[in-house]
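Chain naming follows the written order as A, B and C, and within any one chain the residues start at number 1.
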Amino acid sequence: MPFVRIDLIHGKPAEYRRAIGDVVYDAMRQTINVPEGDRFQVITEHASADFIFDPAYLGIARTADCVFIQVTLNKGRTTELKKAFYQAIADGLHERIKIRREDVLINLIEVDKENWSFGNGVAQYA
Amino acid sequence: MPFVRIDLIHGKPAEYRRAIGDVVYDAMRQTINVPEGDRFQVITEHASADFIFDPAYLGIARTADCVFIQVTLNKGRTTELKKAFYQAIADGLHERIKIRREDVLINLIEVDKENWSFGNGVAQYA
Amino acid sequence: MPFVRIDLIHGKPAEYRRAIGDVVYDAMRQTINVPEGDRFQVITEHASADFIFDPAYLGIARTADCVFIQVTLNKGRTTELKKAFYQAIADGLHERIKIRREDVLINLIEVDKENWSFGNGVAQYA
């Protein structure tokens, strides 16, 4: 189970927010071997005072439409797979809802397979 | 210090949300050797558009009452202890507030002991 | 990129919340070698029922003004650097907005350098 936290500015329509979740899930399916149905995501909107990004770090021009995507997932994907995952998210968000690729920020937190329970109090992957 | 993030659907009473925190804390005390008083938790409610779960992944039937519990804690618990912790949470939530065991999702993020400050700018565990 | 989540009680003014972000960023710059402009932070306010802290754990007297600061960052800082970081945050929050040092809780989550994309779907640190 990747568990996904999506943080963005307040005020986008529900379909827009939902599309972000769709794109992240599709990118997982296509690039990092996530099984069908393995989709658990929470989205949080923030007032602009509470959503702070640098508009130029690393020479990338960001706007208030930037999106933070933090994914907790099992250890062990190669750097190549991670790169493909990032590109698929940035491309998908641009194609589907016109988010600028510069505005897509992604972070992965890797954990052991016994660190999950998907229900019933069982460690399904251990 | 385990630090606990609890995410759930919007609209449950405060006592219900608080009971989730109580159960997670009690499970920590009983199964994974967390000291008395080591309780730091934030609860976030989400509109249904922003709280996305698969209703069948791994053959487990989930409802909109599912709860995501993400726990950051020190490294080093055995898989057996983690399993006991998951079971204690699922059982406790079912017994205390009738959450279906299928609706309890748990994820652990493990960190080093010097990665905590509990106040005063000191790394109390280092 | 450290990515910072700040959780606190509901009802503080926007300038107060923003000052917390300022202090955390300044502490990063001064103590743990974070580059200029590397600032990405989300702040979430919680009702008191949803913001749970122990008022005495480890003998530290905490109040409802306590702040949880969770920082995801690259692996590899020494314990000495982490301690300096904690102290700089606690001191800065006290000096700038009078938060009691006892009320400052910090947790670090360390990840690999290929676990970040800052925009454009590229793993800039890999």
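Basically, a contact is a pair of C-beta atoms (placed from the backbone, for glycine too) under 8 Å apart; a residue touches a chain by one contact, two chains touch by 3 or more.
Computed from a predicted model, the values in this text were never measured in an experiment.
Taken as a contact graph, the chains are fully connected, with every chain touching every other chain. At the chain A-chain C interface, residue numbers used by both copies make up under half of all numbers present, so the two copies contact each other through mostly different positions. Chain A maps onto chain B through a rotation of 120 degrees [Cα fit, steps of 5, range 0 to 180]. Taking the mean of the C-alpha atoms as each chain's centre, chain A and chain C sit 21 Å apart. Each of residues 44, 109 in chain A touches at least two other chains.
Across the complex, chain A is touched by residues 1, 3, 14, 17-18, 21, 35, 37-45, 72, 109, 111-112, 114-124, 126 of chain C.
Across the complex, chain B meets chain A through its residues 7, 44, 46-47, 49-54, 56-58, 60, 62, 66, 68, 70, 79, 82-83, 86-91, 101-110.
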